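Note that the chains take the letters A, B and C in the order they are written out, and that residue 1 is the start of every chain.
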Amino acid sequence: MTRTLWHSTVGKKAVMAVSGLIMLAYLVVHMFGNLKIFFGPDTFDAYAHWLRTIGEPFMHYEWTLWVVRVVLVAAVVAHATAAYQLSRRDLRARPDRYVHRRPRASYATRTMRWGGVILGLFLVWHLLDLTTGTVHAGFRPGHPYENVVATFSTWYGNAVYLLAMLALGLHVRHGFWSAAQTLGAGSRTRDRLLVTLANLLALVLTLGFIAVPVGVMTGLVS
Amino acid sequence: MTTSAPSGIPAYTDYATGEPVADTRAPAGPIAERWDTRRFEAKLVNPANRRKHTVIVVGTGLAGGSAGATLAEQGYHVVQFCYQDSPRRAHSIAAQGGINAAKNYRNDGDSVHRLFYDTVKGGDFRARESNVHRLAQISVEIIDQCVAQGVPFAREYGGLLDTRSFGGVQVSRTFYARGQTGQQLLLGAYQALSRQIAAGNVELHPRTEMLDLIVIGGRARGIVARDLVTGEISSHFADAVVLASGGYGNVFYLSTNAMNSNATAIWRAHRRGAYFANPCFTQIHPTCIPRTGDHQSKLTLMSESLRNDGRIWVPKATGDTRPPNEIPEDERDYYLERIYPSFGNLVPRDIASRAAKNVCDEGRGVGPGGQGVYLDFADAIARMGRKAVEAKYGNLFDMYQRITDEDPYRVPMRIYPAVHYTMGGLWVDYDLQTTVPGLFAIGEANFSDHGANRLGASALMQGLADGYFVLPSTINDYLARNPHQEPVDDGHPAVQEVLAETEDRINLLLAVDGDRTPDSFHREIGELMWEYCGMARTDAGLRKALARIPEIRQEFWRRIKVPGTGAEFNQSLEKANRIVDYLELAELMCLDALHRRESCGGHFREESQTPDGEAARRDEEFCYAAAWEFTGAGAAPTLHKEDLVFEYVHPTQRSYA
Amino acid sequence: MRLTLRVWRQKNAGADGAMSTYEVDGISPDMSFLEMLDTLNEELILKGEDPVAFDHDCREGICGACSLVINGDAHGPERTTTCQLHMRSFEDGDTIDVEPWRAAAFPVVKDLVVDRSAFDRIIQAGGYITAPTGSAPEAHATPVPKPDADAAFEHAECIGCGACVAACPNGAAMLFTSAKVNHLGVLPQGAPERESRVLDMVAQMDAEGFGGCTLAGECATACPKGIPLFSITRMNREFVRAARKAR
């Protein structure tokens, strides 16, 4: 079954859809967790610590987190690999452009590829910035509240983040609906529901994530 | 009727009458048992030996597609040709209304015998009884076959098949798939054929056009064809050749045929010895969209099924130019309902067409040039509601609106007759074999089942009957009786000759380099034929056409201009080469029309009509099929008569009043 | 009407092509687009030039032969086939760009003519119900609920013109393939080959070099027969189901 899926365009899209939905689910949880920042450093840092203790005593410290990380990395790799391979194939399938050009498809649809690349680059920066602290001057492990505030106190931190979240919104908007179609969940009667849901998800995620830098910028979080 | 031209030189009208021709294949005995008997008497080819036999099939429409698929299923090696880029585009795809079958699902008194009777009567008693009866018998199997293939016929809420009624009959026996029945049936055959192509049993040559027939030792052994992309002319050999290349309505330039439908395959076969039967029997379909100007390249049919619910009328007064909605009810003439009260708008096609011509000739026609009559759905919309009308005819209404820019839900449609189908074609016996042994003709390419007029929804039935059921049974007999034919290749003198002739013709067309386009000649011959060999024909008119055609032919060879070369994709060359054959076929059609001094079905001779203007048959003199033998280009052909014997349906003057 | 046409001219599959400009005059709004091209070709022949090659046959919107990209739109500005597009859709003095279908799987044969045999091979891979002649049961043996029959018909309407591929930014043949998968898949007669059909047809579609689907929706917008985008969704579902059940 895996072979059948991975070796066809339709199957590879299904892999992209499933991995995309996994990441989407994670993002929703992530976004809700982020909002705890508005309840002060103690709540936020405690929440961050709790994440490492999920499943105890059955799971050892940080085990659950690592399971989640492994799943997410697998999802990212599958999603990106499939996207890369499919894109190459798509470009080969239409080598000649029309002389008479006209705008095609919606903005969200046309920006899936570049949007995906932007999100990938953002992800790397984001991990180096707030997880490992590699690119974060004065990073203090175990003090996420402080680290977040520090990041969003720089102009470039805000700029990168806002841009990425806009890209995320667009990507989710077409991606969620598209994943539903790819997995065969769409139908004539259900289409409006799916479109609405996709727009809603995109909007909520973007706003939810942006709330944090906006909070820092407005001084609500400091 | 042998007359001499004044000059003493034998004229084309100086045809000789040869030996009668007869069908020797239909067994004697009760008509309902003949097909069974024939199938039992036919020799069979051992399944293990079938692979060794190659059969060429030209054309991939309903007849060719179904024949190719079925022969391949039986184990024969099939080599199939079509000029289109895909077999799925054959013009059967454009048939709209439906397909007849004597299923009697409605319990409305239908039966095989009634379908047989209706078809013989509808054809104005000029068809062979044995063939027609077989057609009616097979009709029921066709529906089963197509349903099994996944043809999405219209269904009722209970899940059973829906039917509707069609012109010329009083039962509801027409199965349909909205207005796209031909498309759906063709896709069924195409898919069956595709399965055999994938299995390696059919070797398909798309974009390849048959240009001649190879006859060796008196038997059809192959064809010469041109690859339309590369221009390469090549020979292909087989143990039998099946022509399923459709009709020749494009002689008229404007017709409902596809732009590239042509007569070359059958005409070339005719030149190689196959008799051509009843060439003048042309069907003029009553419900086409009127032409809009000289630029018109083809005519579009509106399914006859529209006559189920639409009412045909013209203003009572001549020269009434008011818009249709402003003409009050009592100033309208629903002429079909008036003249033919029991069949009304559902009279057979020939009658409906002629009636439309008559009211237009009286000056009561509507639309530009007065060449049209109204087909009005106002009553139907009031009775059934717009939704129901939309469900039944939606796509036809859309098509009409797209072409004319008028909304038929609000303004009545305008329709006018147009050339649609040719009942004539290569003469075949009960086995569908032509007078050249090993050459078979099926579907519209043959003459067999519709007599002088075809009933609506019967073309699809005949094409599929021939292809799925008749030919695959009868060709067995031929192949079994000729199991070891000598192998042939390009080195054979007969093959060399045909190849050389074909190449010469192509080269000549390119060499003339004159000043007239192929289309200009096509239009000229078409207009001439419509004028003199169209809906109404006269002795004087036909003679005028017969005098004019050789002149056009001469002019053609002097002035034709074909750009480009033969060794490339060259659509002008394709066209010009087809016109060469039209210019000969047109002559034969006119001669056939001239010699048949009676009116029957689609052939209306003004000299032969009843006092109230209906077609008057002359059975004592013309109760035969006219099979013409080619004797040379421009030379008078030889007539062979096949006497038609009616044992079951006794000829009467058709009455639909 | 007087029009300026810019038409893609390409001698043959191997040659390079380019847009050529032509002026046509005396065009009637009642002409079809192809009749307008006929007019141009008549003039070109008389001038001793090579007429523009384009595929066309039935000219009533059902055979699927005609295939022109007009001003960047497959089949032009109306939702119909090129042959059913009339000049009344244009304005006097317009400049019109005419190009062939563009896709790697549809190589140009000449001018505006492309090779669409890839579609035939997709059908050959499984776009049929195996029902050899003579093997059919009585037609009424299996009733088909009207909604299913109607759904089958809706998908079966595909004319195989290839506008979906031409319009797709990825040159994908998903709409064409899904139309056949669904036509046969919703009918009880098509059930025995339901899984193999979708797997084989998709595999062939991929092998022909068509692109993948990004659900841009251009195909369904261009389809002259209105095959819905949801047809693709349904095929995706069939595919995943078949991959799960593959034997």
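Following the convention adopted for this analysis, a contact is a pair of C-beta atoms (placed from the backbone, for glycine too) under 8 Å apart; a residue touches a chain by one contact, two chains touch by 3 or more.
Here the structure is a predicted model, which means the values were calculated and not measured.
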item: Chain closest to the assembly centre - both centres taken as Cα means; value: C
item: Per Cα centroids, the chain farthest from chain C; value: A
item: Inter-chain centre distance, chain B versus chain C - centres from mean C-alpha coordinates, in Å; value: 27
item: Cα-centroid distance, chain A relative to chain C, in whole angstrom; value: 37
item: Chain centre separation (chain A, chain B; CA means) in Å; value: 64
item: Of all residues in chain C, those that touch chain B in their complex; value: 11-12, 28, 30-32, 34-35, 38-39, 41-42, 44-46, 48-51, 53, 55-65, 78, 80, 84, 86, 88, 109-110, 113, 115-117, 119-120, 123-125, 127-140, 142-146, 149-150, 152-153, 156-157, 159-160, 183-184, 187, 189-190
item: Of chain A, residues touching chain C in the complex; value: 1, 4-5, 8-14, 86, 89-102, 104-105, 109-110, 112, 174, 177-178, 180-188, 191
item: Touching residues on chain C, where the partner in the complex is chain A; value: 6, 8, 19, 69, 71-73, 97, 99, 102-105, 168-172, 174, 199, 202-203, 205-206, 209-218, 228-230, 232-241, 243-244, 246
item: Of chain B, residues touching chain C in the complex; value: 66, 69-70, 73, 84-91, 93-94, 103, 105, 141, 143-145, 147-150, 152-161, 177-178, 180, 182-184, 187, 190-192, 194-195, 197-198, 206, 229, 256, 258-260, 292-293, 295-298, 300-301, 399, 402-403, 405, 468-469, 472, 515, 517-520, 561, 563-564, 568-569, 571-572
